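Two complexes follow with subunit A in common, the first pairing it with subunit B and the second with subunit C.
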Partner chain A sequence: MLSVLVKKEILNNILSFRFAVTFLMFFLLIGGSMVMMAANHDKQRRDYYNATSAYRERVDQMRDFNEFELFGMTSRREPNPLSIFAMGLEADMSRSVTNSEMQGLQVGGTPYANPLFALFSTPDVAYVVSIIVSLLAILFVFDAVSGEKEEETLKLVLSNSVPRDALLMSKCIGGLVCLCMSFLISLGVGLLIARVSMSLVLAPTQWLRIGGIVLVSLLYISAFLMLGLFISTCTQRSGTSLMISLLAWVVLVLGIPNLVPVVARQMMPLPSMARMEGEEEAIRNEEYDKARQKMSRDMSREQRSALYNEARRAVQTRMELLQSNYENRFMQQVSLAMVMSRVSPSACFTYASTAFAGTGVDAYTGFVRYVHLDFRRLFEQSLHDVREASRSARAGVGAVDVKRLPVFAPKEQTIQLSLKKSLIDIGLLCGYTTLFFLGAFIRFLRYDVK
Partner chain B sequence: MLEIVDLSKRYDNGVLAVDKLNLTVQPGEIFVMLGANGAGKTTTMMCVLGFTEPTEGTARIMGVDVGKNPLEAKKHVAYVSENVRLYGNFTAKQNLDFFTHLAGRKHVSNEEYEEVLARVGLERDAFNRRLKGFSKGMRQRLGIAIAIMKQAEVILLDEPTSGLDPKGGVEFLNLLAELREEGKAIFMTSHDIFRAREIADRVGIMSNGRMLHVITREEIDAQEVDLSHLYIKVIEMGLRNADAAVEASSGSGS
Partner chain C sequence: MLLALLRKEFMEHVLSLRFIVASILSLVLVIVSLIVLKGDYETKKEAYDINRTAFRKEAERRDSYSELELEGIQVERPPQKLQVSYYGLEKLEDKTARVMAYLVPVTYGQLYKSPVSALFPTPDMLYVVAVVLSLMAFVFSYDAISGERESETLKLALSYSVPRDKFILAKWLGGYFSLVTPFAVALVLAALIILVSRGLGFAPRQWAAYAVAAFASFLFIAVMFSLGLFVSCRCRRSATAIMVLLFIWVGMVLMVPNVSPYISNMVTRVTPYDVVENEIRQEVNDEVRGFMGEMGDIQREFGTRFRQGGVTAEQARQEFGERMEKLWDDLQETTNTVGERKWLEYERQLNRQVGVAKMMSRISPVSSYVYIVTDMAETGVRKQLHFANALREYQKLFRQYVHEKTKSSLRGRAHFFFGDRESEYDISDMPEFDYVGESISARVAGSLLDFGILAVAAVIFFMAAFLSFLRVDVI
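Take a look at the complex of A and B:
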C-alpha cells in the first residue's frame, strides 16, 4: 500500500509545474552559487599565492634587519575552500597579519573592499539553502493535505482501505525524495563544474566536512517540509495554508535569527567602549597615583623605577582582568543569543553548516584567540630570532631567512570536534523534523476530509 | 449489501443532520436518496464512508461495521463524488492505474484498463491525455471507471449526474443498470428526480435528516406516481402524512 502511495506522490510531484520550477530554482541557485563561489575562491587562492611569493621575494632581497623591521613581517592565511559552501564568518577572519616595529600587530583588511559585499549577503550554498530552499520546501507541501481536500482527491483516496498514517507517510517520503534529489543533483553538478573548471582541490577530511554540510542541509529541508505538511494538516483551505506557511517561514528564517542577537544585547548589555576606556583610565590613574604617593624625595632612582614597574604590573593585571571580564560577558551574550536563536531551524542550520565548514562562531573565536595570543607570541619569537640571526650574520648576506618566518595558519578544528560542536544543532534539526511530523500525524488522524 | 441502522448525526453546533436513519441496499439494487440541500444526504454518505463519526447507530458494508473496522469495510465499497477531480497531472490511464492498485488489485493489464475506459464512454484519444483538459462529464466517467475497477460489492454515488449532458446522463444510467445486473448494491444521492425515476429500484425522500418516505419501483409503476409531485408533497406534508402524499401523487406518473 505504502509503495503505491509513495510512487503516486513522486510521480505527481515530478509531473507538476511546481516541481519543474523548484528543480530549476535549485539548479540555478545552488549550481550557480557553487560555480560563482568556486570562481571567487579560485581567485582568492591565486591572490594568496601571488602575494605570498611576492612578499618572500621582497624579503629575500632585503639587505639588513632594519629594512625588514621597517617593511614589517606579513603572514597570509590560505583561503578556506569550504567557504564556498558556507561562508559564515570567513570574511571577518582576516587573511593576513602584519607586524612591524612602528605599528605593532595589525590584522589585515583592505580599505578598497567592495562595500556591497558587506551590504548584501554572500550567496553561498548555505545561504541559498537557508533562505531559498527552505521557502521552496515549505511551498512544495503547503497544500499537500488541504489542497487534496479542496480537490476532493483526499476523500476519494481515503474511501479505499488506506490507513491515514500510510497516506501521510507517503506524502513525507514523496516530498523528501523529490526535494532531496533536486538538491543533491544541483549540488553535485555545481561541484563537478567547480572541480573541472576551477581546479578546486579538497582534502579527504574536507570531503567529510562537505558530507556534514550536505547532511545538515537535508535535515533542514526535511524540517521545513514537515512544517509545511503540519500546517497543511491544520487548515482546511490551501489559501490559508499558504498564508500561514509564509508567516512561519518569515518568523523562523528572517525574524528570529536576525532579531535574537539584538534581544540578547538588550538582555545582557556590554559596557560601552567609552566606559571601558574610562575604567582603564581610572585604573591607570589609581595605580600610578598610589605609586606616586609612595615615592619620596630621598628614594634612589632604582627604588623609584621599582615602584613604577610595580604600578605598571598592577595596571596590566587589572587591565587583563577588566578585559577578561568583558570578554566573558561578551561570550555570555553570544551564547545567550545562540541558545535563543536555536528556536529557529534556520539558526541551527547556519551554526551546524558553518561548524563543518570551519567558518562558524567557534572557528571565529578560535581565530581571534590565535591571532592575539598564539600568533602574536609566534610573531614576536620569530622577530626575535630574525633579529638575532641578522645580528650574528654579516649584514647583507642572508640577513633574513624567509623559511624562519611564521606561517599564519589558525588551527583547524578536527572533523570530530566539528561534529561534536554541531551535534546539538543536528539534534535540534532532527527534533524539529520529528516534532513537525508528529504534529502533522496527530492532526491528520483527526483531519476532517469532508 | 449496505445496511444503515438507526444512524444519527448531530454536529457540534447542535444541528441534527441525520435522524435515526434505517436503510438497506441489497445486491443488485439501486437505491436513490432524494433530498434538498442540507437534507442530510451527504452526511449519511460520509458516515457510511467513515469520514464522519455518527452520534448514534451504525453502518455496515457487507456485514462489516464501518465504525469498528473502517479499513476492512472500505475494501467492499467504491465511491464516486459529485465533483470527480482526480489528479490533474496524471493521464486518465495513470489515474485509473493508481486507484486500481490502491484498491489492492495487482497485475492489471493495459487491455483491461482500456476496456473499462471504453465501457464508461471515454473516447480512446482521452486515455493518455492529462486530466487538466477534461470536462466534468469526462471526469465523472473516469470516476465510474475507477469504481468498476475496484470490483467492490457496494457503490456509493454522491450526486453523480449533476453537470452531465443529456447524452452523458443516459449513458450513465445505462452503465448503472449494467452494474446492477452484475449484482452491485448501488446507493446514490441525487436532486435529479427524473433520472431517479428511470433507474431506481427504490427511492427514499429525505428532509431535515429524516427519511420521510421510501417508494419502490413497483409502487411507482403500479400507482403511476409522479415522483416530482410526490417529492414536493412529502416534503410539505412531513413524515406523518407521507401516505396521503403518495395518494395525492398517484395516477399522474410521467
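Take a look at the complex of A and C:
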C-alpha cells in the first residue's frame, strides 16, 4: 500500500508545473553557482600566487633590514577550494596580514576594493540551499494536505481503506525523493562542469567534506519539507497554509539567524580594538622604559642586548595574557550568538556546512588565534635572526633573506574535528526534522477531511 | 465608483491574514533592528572617539618629522548615522587608514569581529524592504485577478457596469496602500526613536536622506506590486501565479544582484593591488635611494670645501640648503607622479569593473533600490570611493606639511658641520583629518539613474497589468 501511495505521490510531483519550475531553478541556481564560484576561486588562487611572488620579489630587492622593518612582513593564506560550496568566513581569512615591529599587526591593506562583493551576499551553494531551496521545499508541500482537502480528493482517498499514517508517509517520502533527487542531480552536474572547465582538483579528504556538506543539505531540505507538511496539516485552506509557511520561513531563515548575532553583540560587548591597542602600547612603553632605566654607559653590548631581550620577553608574555583575556571574552560572545541562533534550522545548516568547508566559526577563531598569537610569536622570534643575518650580509640587494622568514601556515581543522564540531548542528537538524514530522503526523491523525 | 472599489479592496486586504503577517514583520523587524543597530552605532562612535585621540598621541610620540614622514599617521572616518537603518558596507569596518607621505593610503580592518554576524546579513531596513516586503508585495498581488477568476467573482463583478480600468486601478491602489501602511507606520516609529535617541541626533541633511530613502522604498514596493499584479492578470490559476512570482522573486532578489559582481570579476581585468603596490614601492625606493646617494655626495662635497676653507659657514649653509631643497622637491614630484599614475590606472580598472557589475545587476529593480538607499545613507559604493578620495586629498596636505618641516630639517643637517640646532618636533599645527561626507544633492544626483529605472519599471509593469486586464477573459 505504502509503495503504491509513494509511487503515486512521486508521479504527481514529477508531472506538476511546480516540480518543473523547482527542478529548473535547482539546476540553474546550484549548477550555475558552482561554475561561477569555481571560476572565482581560480582567479583568487592566481591573485594569491601573484601577490605572494610580488612580495617575495619586493623583499629580495630590499637593501637593508631597515626597509624590511619599516614595511613589515605581509602574509596570506592560500584560498580554500571548498569555499566554492560554502564561502562562510573565507573572505575575512583571505585578507593579507602585515606584521611589523613598528606598526604591530595590520589586517587587510587595500585602498579601494570592489565593494559590491560585500554589499550583496555570496551566491555559493550553501546560500542557495539555505535561502532558496528551503523556500522551494516549503512551497513544494504547503498544500499537500490542505490543498487536497480543498479539492475534496482527500476525503475520497480516505474513504477507501487507506491508513492515514501511510498517506502522510507517502507524501513525506514522495516530496523528499523528488526534492533530494533534483538537488543531487543539479549538484552533480555543477561539480562535473566545474571540474572539467576550471580544472578543479580536490584531495580525498576534501571529497569527504563535500559529502558532509551534501548530507547536511539533505537534512536541511528534509526539515523544511516536514515543516511545510506540518503547517499544511494545521490549516484547512491552502491560502492560509501558504501565508503561515511564508511567515515561518521568513522568521526562521531571514529573521532569527540575522537578528540574533547583533543582539548577542549588545548583550556581551567587547572592548574596542582602540582600547586594546592603547593597552598594548602602554605595556610596550612600560617594559622598554624599565629596560632603558637599567641601562648605563659602562654596560657592554651583550649586557644591553640581554636587557633588551628581557624586555621583549616581558612584553610578549603580557601581550599574550592580554590577548588571551580578550579572546576568551570574544569566544564567549561568539558562543552566545551561536547558541541563541540555533533555534533556527537555517543557522544550524550554515554552521555545519561551513564547518565541513573549513570556512566556519571555528576555522575563523583558530585563524584569529594563529595570527594574533602563534604567528606573531614566530615573527618576533625570527625578526632577531633576520636582523642579524642582514647585518652580517653585504649591504645591497638581497640583504633580507626570505628563507629566514616564518612560513604563514594556519593549521587546517581535520575532518574528524569538523565532524565533531558539526555534530550538534546535525543533531539539531535531525531533531527539527523529527519534531516537524511528528507534529504533522499527530495533526494529520486528527485532521478533519470533510 | 473608484472610491467604492478602492475601499472594498483596502478593507479586504486589511481584514486578511496576509495583512497581519505583513504588519507583524514590518513593525517587528524594523523596530528591533533599529534598536539593535543604534546600540551598534553608539559602540562604534565611542571607539572612533578613542581612536582619534590615540592616533594623535601616536603621531606626537614620534621623535622627528622624518620619522613621521616615513611611518605616516593613522586616521579614521566616523561611523555613518544612517547605518541604523541602512547598514550597507559599514559591515566592512575598514574605517581606519594609514596615511604616509609617498604610498597610496590603505584602509585596515580587524579580525576581532563577530564571525557569526559576518555569516548572516544584518537585518536592517534595507533588508526588510528588499527581501521581506518585496515578497509580501507578491503575496498581496498574486491572486488579485487570478484568484477572483478562480472563485468566479471576477465575472460577477464585471457583469455589472464596473469599468475594467477602474477595477484594475482600484486593485492596484487598494493592494498597494494596504501593503505600505504598516511599513509607513514602522518608518514613523523608527523616526520617533531616532528623534528621542540622545546618542544619535540626526542633522537636517540626514533627515533629508532618510526621507529620500523612504521615498525610494515606496517606489520599489510599487514596482514589485505592479509586477505581481501583471503576473496575476496573465495566469489563469493563482497557484501558477504564485509559483511564477516566486521564481521571479528568487531571481530578482536573491540571485541577480549577488551574481553580477562575480560575473563582472570574470569578464573585466583588474591588476591586484598587491602587484600595483609592489610596482609603486619599487619605483619609489629607487628614487629614494638615488636621492640618498646624491645627498651623501653633497654632504661630502660641502664637508671637504668647508674643511679646505673654500666657503664660509654662512655660504655653505645657504648653498647646501638650496641644493638640498631642489633635490628634495625633485624627489617629491617624481614619487608623487609615480604613485598618482599607478593609483589612477588601478582606480580606472576597478571603477570599470564596479560599473559593469552595477549595470548588469540593474536588470533587477532590487539592485537599483539597494544603490539608492545605501548611497543616501552613505554606506554604499559611492561612500567607499569618496572615502578613498578624501584620504588622498588629506595625504596631499600631510605630504605638504611634512615636506615643509623636513625641508627645514634638511637645512638643519648643516648643524653637523656648523653647530646649528635642529628644528624641534611639534605637530600642533599639523592638519587634522576631518572626514566630510558627500552633499545630499550630489548623492541624489548620483542616484537619478536608479530612481529613473525604478520609476520606469513601475510604470511599465502597471501598464502591462492594465493592458493585460483590459483583454483578460473572465469566463
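Just so we're on the same page, the second predicted complex is superposed on the first by the 324 of 450 C-alpha atoms of A that agree within 3 Å, B and C clash if a C-alpha of one lies under 4 Å from a C-alpha of the other, contacts with A are read in each partner's own complex, and residues count from 1 in each chain.
What we mean here is this: contacts are C-beta pairs under 8 Å (C-beta built on N, C-alpha and C of every residue); 3 or more make two chains touch, one makes a residue touch a chain.
This one's a predicted model, so the numbers in the text were calculated from it and none came from an experiment.
**Student:** Let me test your reading of the model: by the given contact rule, A:188 touches which partner, first (subunit B), second (subunit C), both or neither?
**Tutor:** A:188: touches no partner chain.
**Student:** Can A:106 be said to touch subunit B (first), subunit C (second), both, or neither?
**Tutor:** second
**Student:** Applying the document's definition of touching, compare subunit B and subunit C: which contacts more of subunit A?
**Tutor:** Looking at subunit B versus subunit C, the one contacting more residues of subunit A is C.
**Student:** On the A-aligned overlay, A:159 touches which partner chain: subunit B = first, subunit C = second, or both, or neither?
**Tutor:** The first partner, subunit B, only.
**Student:** Is A:277 touching anything from subunit B or subunit C once the two structures are fitted on A? First, second, both or neither.
**Tutor:** It touches subunit C, and subunit B stays clear.
**Student:** Once the shared chain is lined up, is A:4 touching subunit B (first), subunit C (second), both, or neither of them?
**Tutor:** first
**Student:** Common interface residues of subunit A with subunit B and subunit C?
**Tutor:** Of subunit A, no residue contacts subunit B in one complex and subunit C in the other.
**Student:** Could you please specify the touching residues of subunit A with respect to subunit C in the complex?
**Tutor:** Listed in rising order, the residues of subunit A that touch subunit C are 17-18, 21, 25, 29, 32, 36-37, 39-40, 43, 47, 50-51, 54-55, 57-58, 61, 63, 67, 70-71, 74, 88-89, 92, 95-96, 102-103, 106-123, 127, 131-132, 135, 139, 143, 238-240, 242-244, 246-247, 250, 254-255, 257-266, 269-270, 272-278, 281, 326, 330, 333-334, 337-338, 341, 347, 350-351, 354, 360-361, 364-365, 367-368, 371-372.
**Student:** Please name which positions on subunit C make contact with subunit A in the complex.
**Tutor:** 17-18, 21, 24-25, 29, 32-33, 36-37, 39-40, 43, 46-47, 50-51, 54, 58, 70-71, 88-89, 91-92, 94, 98, 104-112, 114-123, 127, 131-132, 135, 139, 143, 239-240, 242-244, 246-247, 250, 254-255, 257-266, 270, 272-275, 277-278, 281-282, 285, 289, 343, 346-347, 350, 353-354, 357-358, 361, 370, 374, 380-381, 384-385, 388, 391
**Student:** Spell out the residues on subunit B that touch subunit A in their complex, using ranges where they run on.
**Tutor:** The contact residues of subunit B facing subunit A are 42, 46, 49, 51-52, 71-72, 74-75, 77-79, 81, 83-90, 94, 98-99, 101-104, 143, 146, 150, 156.
**Student:** In the complex, go through subunit A and note every residue touching subunit B.
**Tutor:** 1, 4-5, 8, 11-12, 15-16, 151-153, 155-163, 448-450
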